Every structure is written in structure tokens, then in C-alpha cells.
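Think of it as A, B, C and D in the order they're written, each chain with its own count starting at 1.
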Amino acid sequence: MASKVKQITVWARGVVQDKEGRDIANGLANAAKKEGKFTQAFDNYVDLPDRVNVPLRKYARISDEEIEERYEYENEKPEVVIVADATLVKGINVLRGMEKGGVLVVNTDRKPEDILKFIPNRDLLKAIVCVDAKGICGEATVDFSGSEGGVDAVGLGAGMAAPILGALVRGTNLVKLENLAAVVKNKEALYKGHEQAVVKTL
Amino acid sequence: MAKEMVLSGCAASAQAAKMAKVEVICSYPIRPYTALMMELAKMVANGELDAEFIYGEGEHAQLSVVLGASAAGARVLTGSSGVGVTYAFETYSPIAGGRVPVQMMIADRALDPPGDFGSEHTDAMSCRDQGWLMGWAENPQEAFDNCLINYRVGEDHRVLLPQFVCQDGYFVSHIPGKVLLPDQSQVDEFLPPYTLPHPLDPKHPVSHGPQIRPDQGTIMDLQRAQAHLDAPAVIKEAIADFNRIFGRDYSPFVEEYMTDDAEMAFFIMGAHTMTARHAIKHLRSQGVKIGLVKLRFVRPWPTQEVAEALSKFKAVGVVETSTSYGGAMRGGNLLHEVRASLYDLPKRPLTTSFMAGLGGEMVPLKEFYYMADILSEMIKDGKAKKTVYWVGFEAEA
Amino acid sequence: MAVAVKTQNLPLIKKIRNIPREEYYVPGHRTCAGCGPALQYKLVAKAAGPNTIFLGPTGCMYVANASYLCTPYRVPWMHTQITNGGAVASGVEAAYQVLIRKGKREGELPNVIVMAGDGGSVDIGLQAMSAMMYRNHDALFVCYDNEAYANTGIQTSPTTPYGANTTFTPPGPAIPEGKKLFPKDPPQLVIGGHPAVKYVATASVAYPVDLMNKVRKALNVQGPTFLHIHAPCPKGWKFNESKTVEIAKLAIQTGMWILYEWENGEYKYQHKPREYKPVREYMKLQGRFAHLQEAHIAKMQAFVDAKLKAPGIPVAVPAPPPRAQA
Amino acid sequence: MFIIPKEKEVPLGCITPAPVTEQTMMITGNWREYRPVIDQEKCNLCMNCIVYCPDACWQLNEAEDEVVWNAKYCKGCLICVNECTTEALSKAYELDFEDGVVRLEKPF
């Protein structure tokens, strides 16, 4: 994979966070597109059909040049990893493939230290961002209209994805907050996530 | 002692299945293969054959029933024709991929529309790329023999593939011919009892066919490809044993007739091979140096044997009894594979194809004379004018 | 000399305490957390025991269980196409009949069980299921009913209830109730037209002892049998995965599901409530019904009221208007 | 004749061994957000958790006369907590425990 393509991997739980996970990837890609970038966002096909609670991956890619690896369907080297449910860090090596200097964004009401103790390869990170997305906008939205290649009918970032995207801007320079605000439905939650996120630089 | 009888292809196939001690049979009526099942039903009713005779609710079910039975460890037989063959299409790939060696007798029939009941190879040929063994019989005797040969090859643990054992509908399936019925002891010597490496057996539980990831998909394809690479050696072994035990002289893949000094040849399979032989005999008497190469297995395709057999001619006419609408040759299926087989040769014969006998229409001697004329013309011109001639329908006679 | 084919006789289970300990559907499968179909699979496999062969038509109980080269089935299992569970089972059973008769296999005839979803039973799989019943194969056909094509992402099936939101029946201004049709009745399809069938029952994951005994009764019968098992689907019905059993119980308490046995022409009922709760109680816990208006719920109540009279009595369902008028 | 990488191997005909007590190729303990916690004092062995678990993650230890939880496969659906007749079971957040770490490289 050409180094100019930034890979972002989202980890979420099946069904209950399927839409939220997809919204995070789509939100990032749509916002980056507004900044004139070449982008891509897609489900990991092997993780589908998703089952309640199963760990699953959603991917986004952002690049200054045309993405040539459009059909390579796994992000092998993510620079940014987003964990939509904090307990996933106990079950999955979420930093798999990351090179030194990456960023981890976690949806949790706990402190960065509480999460980091479950991440044995935390030396790969330059920063961790924690945000209590559930606290900001309640439970995740379960909706299947955007699954299996369908077009989402509820609205991108109507739920938990919005504050997580807001928090992401605090730890990375992937996209600008105002561009996310232009594509996300629940703007209030986006800004709250941005404000309330806890960043720890490592 | 072998017993000489006069049997249709359907009846001959039924006799072969009986001598193979088939254990589960699944029927569904469609012309012209139906008599195969009629004969087997009589044998079961009369107590001559100890088998479960299941009335399938359609061809898809026929294949499904024998899949289950074969996976459980029973030798099985089913069969069909025409649209019945294509109705069951979904089942062909899982059966081959799961390496369950069921046998299906196909008595060819044209596909609809409209309801033409004549013979045409398109039904079976449409299914040729699913991983099954596939070949045609010229007469009831060969139909009988191919049943046994295919069981032996398909069930061999080096192969483990299902088998389409084909015969031309009506011509072979209905017109009786001489059949030498061997002794049961000969059949038993040739065909060992059926065993599967991992049958469905509660004493040794296994799972058949869990899902795989896309990146493992190629491996499943590779397994079937490998089986078709391994099958030829097993076929050669089986044919050698067959010839020794039953006193026949089959070649495993291609059989030649009057080819020693021939300048041109027909490439053909199935029923009309017989007429072609007679045509050649008459043409020879008029000094035309023509011969014939008959194909016994379409899958695995004997690339090398076809290349060797055909390379010695100046012109080859491929007689096609199946259609490939819009295909590279604008006609049938065989010329694609023949030309591909010849491609790497330093010197290739001129080739063309003849659509003959589609829909089950007759292919009389005079049509072969017409084809021979075209081949002579090709040699004279040093080139083939076109890749396909629709025999009997060409504007220039 | 032919060997006589012997069949098993599985004893009935008296109390929850007597449920066998052994698992034949073991942990380690990719079904949803709180999966109703997985729960019934576990119970069916436990009841059937080791001398069993499962046939698994495509559906969640194939794809989720057999994800990526491993399966949770401790007994022999084979995938079948979604179309042909009944036919493949017929072949397996026939093979065992002849193999045991010829002395090639020893022991009692194995339990041959098709574990099919509602689509694999009474939609695309109906033909093969019906033929298995007609041909008198000694096999059990289980329809685990989660009321949708769940594996492909929740599309309507013939047993999806009226008013359910599935990805093929989304509610919208033109079609406010989502699904307009009323469901097929699988056990009645079997009972109504298959003289060889002597035992049909409905069961629910809410009543595991009842379910397991029905499995054993069905397996003890020589000949084809059918079980229709209610298996709530947290994903497709949109409820919290901890409520699978609670919802299954509510289905029975509201009359949305009726537990009965049909044995040699006689109906017997189990766990019949003295008084039925309104269907609303059942529906309000499920996101798939969240869009419905009062009139739709009333329509569902009327359907259930009519159905509760007795199984087999035709229920008048409001037919959709002809397309030209709609 | 062909080289097949180990991770892509598929047995002939895709016929795989049946598991015996658990399918170790599909560990699902990493699915949990919450886990059930048992108070053995309150448990009256009603068996509900055992029969209602879709993943067979509760078993009876006959010797000790108590129910035992299988952390390796429990997906955290909490049907057991919901169906417990004596409130012996309660839910607890997974990050409050040091144990139960699976940490697979891939989801399956």
C-alpha cells in the first residue's frame, strides 16, 4: 500500500454498533472529501453478516492522490484506530499493523490510563483520546438500512458516531471539525464530543 | 459367461447400475432418460436389486437426495435430460466441491423454448465447468461400460469427483443395440465397493462444508482443478483394467478411425460418431483421405491427446451438437477447446466447426459428405473461410 | 440375509434437573449474543444425543455456526443448499436404511435432523420439505422460526408477522405498516397434506423441557416428523439480547405463539395461559413493530384472536386490495 | 505442485473435524461488554442459566453442586441474568476485571 494513503480502522460491536461504526468511517471520508481529498469508506465484508456483539471492522482511507488500492479490502496498517466500545481492547489487538506514532480513539467513560493498561503494545501510540459518547447521546442507533451496501435512511451521525468523530479531531489532523459538522446530523453531539474528549499524549 | 443382449442405452445403463450394486437411486420423469428409472424400478420391485428407490420431487431434489446418500456412504445413481439437467444446476458445484462422487446419467435433450424433445448436447455441456467428470457414449454398449468406468474413476480416492455419464437422447437412449452383459464376478473384479474417506457417520463425526473466507476460496477451486489434473492417470489405469477384464479395446480419451494416412478428419463425440465412420468408409472408397477422432471425455479435457491426434491432419472439422451463442467460434463449444489444445503446436491443422444435429434432427450420411467437401476445400484454399457452418442451412451450397 | 433396521427409543425428560449434561452443540460459534435459534439448536442437539446427523440448509444456523472452517456440531453435520434440506436428509436416511440392511453399518438408525430456518422450510425449501414428509422418510424436520431471512440482514419471509419492519418491508408513507401480508402456518401446511406424518408439534425456547421432549417424541416416531420452534432473533426483531427467553414467553402469553402437539390426528396443548395478555405487550418490546399505529395493532389482535380458536381452523386475514385499485 | 500458505489451507472437500467439548477456532469471550457474576450463596440451582444459555456457557459442577461459568465463550448476552430466579446473577462491566483477556489478532 502506498504510504500516502492514511488508513483509519474502526472497531465496533455487531448489530448494536454496526451503524455507528459505519457512520464514523463514512463521516471521516465525507468530511475529508470536502477538503479535496481522495477518500474511501467501507465495511469489512468478512465480518459480515454481523451478529450481536461480534467485533467488527469498518474502514476509511484518506489520500492526497487517487487511491489505487480501492479493492484491497483490509486496512493492513492503520494510522488511527477508533474503538467504538471500550471493552473491545480486551478481546482484540486493536493496534494490529499500526506503525509507531499512531492515535487511538476510544468511546469510554473511563480515563485513558484505564484503557491503556489493556493495551500491551501502547508504545505504538503517540496519543490516546477518550470520549464518553454514550453519556453524550445515549444508546446506539440500531438500523439496517445502510447495511449490505444499502443507503442509510436515518442520517449519518445521528447517534454515537457524532461525539466520537468530534473527539477524533482533538487527537488527529485528519479532518477539520467544521467539515465534520457539515456532514454529521447531530452537530451538538459532535461539538460536545470535541469539547469533552480527554487527550493523553504519550 | 458374458451374455449378449439387445438393449436401449437407458436399459443398458440400468443393467450397469444394477451390476455396480447401486444402493440409492433417485428418479424424476423427463424424456428421454426416463426408461433408465423404469428399468431400475422393475429390478427393485422384482427383488433383483437391493436399493432404495426414491421418487424425487424434481431434478434439484434428485441430485440432493443422491448427494445426501453418497455422503452417508451409499453408491448412488440419478439421471435426467434437457431442462431437468439445468433445473438441478445449483447442486452441481456443491456436489463436486464437497467431493461426493455421485453418478448422473444424462440422456441429452434440447433445452426450451419451445419444448423440443430431440437430442442436443447443450443441456449437459452447459454444466461442464462445475468440476464433474463428463463424457459421451456412442452406443448402448459404451453407455453400459461408461457407467462402470465412471464409478471406478469418480470413487477413486485420488479423484473423488461426481460424474456426468452422457448419451445422446433417443439415438442412444432409445434405439436398441447389442450389449455384452459381463458376469457379476467381472464387474466385482473391476469395481471395488464404494468407500468415502469421511462419510456422515455418528461414530466418526465430521462437518461437511463449513463456510470459508474469500481468501480461502481459491483453495477450494484449486482442489477441484487438482482433481482434474490427477484424474487422467486414474482414467488410464481404469481403462487398462477394463479392457483386460472385459476384453474391450477402449482408448482412455481419444479414439481414432482410419487416421493413418488421413489428410483430414472429423472430431466428434457421441451417437453420430457411428454415422461418421460409415461416411468415412464410403469417402475412402472414392479416394478421399479422411479419418475420425472420437472424444470420450470432455472433462477432464485431454489437451495433449487431442493435440497429438489432430496435429497430423491438414484440416479438422469439429462436429458440434451443442450451442454457445455469441461464443468466439459463433457456433458450438468443442471448437473453442480444440483450437486451444492446438494453439501451442508449431504446426496446426486448419480447423472449422459444423453445427449438426441440433434439436435432435438427424445427421444423415450426406451431411458428413458435405462436411468432407468443406474440409477438402479448406485444404485446397490453405485456409478456413469461417469458423462455423450450420450444416443444411448455409446459403452457399 | 437382510439385517433388521433398529431405531432408538429416547426416554422423556421429567424435570429441568434431568436435562442431560452432555452438549452436542458446543460453545464456539458466531451466532448473535442471545440468539434464539442457537438456543433451540443447543436444546435439540442435547435431546437428540450422539447418534444423530444434522443437515443444515443455508441460513443463520449454517453461516453463523460454520463461520470460517469450524463448526460447533459434535455430531456429523452437512451443509445443504437453502433449497434442499429435506431432499438431502431423505438421501441420508435412505442410505442408512440400505447400509444397515446390508450389514455395512452397525447400530441403530441415526436420528436424521434437518435444521432449517423459516425460509429453508416453508419458502424456498418447501418443496423438498414436503417431499420428505410425503415419502415417509424416518427423519425430523425442524423449522426454527426467527420470522425472517436474518442471515442476509433481516428480509421478510413467509413467517414474518404482519406489520414487521424488515429491510424488504420498510414502513413508509405509502406503506405505513411495513409488512402487509399475514404469515404462513408451517405446522398446518405439514398436517394438512402429508398422510405419512404422524407427529407434528410447536415448541418454544421459553419451555426447554417441553421442547426437548417434543424432539424426543418426534425422533421416537418411525417416519417423518415436523417441529416448528419459536426462536426469537434479537437482531431482526430489535430487542435487547438478554430478553430472548422473556420475549418467547410473552409470545405464548399473548397468543402470538401456541404450543401444541398433533399426534395421530389429536391436538394437545401445552403451557396454555388461563388468560391471554394483549398482543401489544409482546409487540412493544420489539423495534420491528415500533412504527405501527393503533389500527395496525388492532388488526394483529384480531388475527391472533381468530387463530386462538384452534389450530387448523382457517383465519380470515384482510387481503390486500387488488393492485389496480391500490 | 501448488504452494498453499498455512493460513489459507482448506481440507479436501471442506470436510473438517467435529469439535468435542468446545470449538477452539471460534473463541467468543471477546464479545462481552458485560459479564454475569454469580453469588453462589443466593443460587438455588434452578438450572435456568444452564438451560437458557445459547452458548452453553453455564454448566453444573456435580461434585461441588454449583454452576460454573465459561468466560472463554460467554458473549455477554445476559439471558442468564434476566432468567435467574433468585437474583444470584448480576451484570458487571467487563473493564472492571483484569481477567478474561482474549486479544485475538482478528475477530475470529
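Criterion: a contact is a pair of C-beta atoms (placed from the backbone, for glycine too) under 8 Å apart; a residue touches a chain by one contact, two chains touch by 3 or more.
For clarity, every value in this text was computed on a predicted model and none was experimentally measured.
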item: Chain closest to the middle, measuring from C-alpha centroids that were averaged per chain; value: C
item: Contact-richer chain pair (by C-beta pairs counted) among C-D and B-D; value: C-D
item: Separation of subunit C from subunit D, taking each centre as the mean of its C-alpha atoms, in whole Å; value: 25
item: Cα-centroid distance, subunit B relative to subunit D, in whole angstrom; value: 52
item: Separation of mean Cα positions, subunit C and subunit B [Å, integer]; value: 42
item: CA centroid of subunit A to CA centroid of subunit B, Å; value: 56
item: Sequence positions of subunit B contacting 2 or more other chains; value: 98, 205-210, 212-213, 216
item: Overlap residues in subunit C, where contacts from two or more other chains coincide; value: 30-35, 63, 67-71, 73-77, 234, 241
item: Sites on subunit A at which at least two other chains make contact; value: 52-54
item: Overall pattern in which the protein chains touch one another (line/ring/star/complete/other); value: complete
item: Subunit D - residues contacting subunit B, complex; value: 1-2, 4, 8-10, 12-18
item: Touching residues (chain side subunit D, partner subunit A) in the complex; value: 28-33, 75-77, 93-95, 100-107
item: Partner subunit C, residues of subunit A touching it in the complex; value: 14-15, 49, 51-54, 142, 144-145, 147-148, 150, 153
item: Touching residues on subunit C, where the partner in the complex is subunit B; value: 2, 50-53, 55, 62-63, 66-71, 73-81, 83-84, 87-99, 101-102, 104-105, 107, 110, 127-128, 130-131, 134-135
item: Subunit D-touching residues of subunit A, taken from the complex the two chains share; value: 13, 47, 52-57, 85-88, 90-93, 96, 108, 110, 114-115, 118, 120
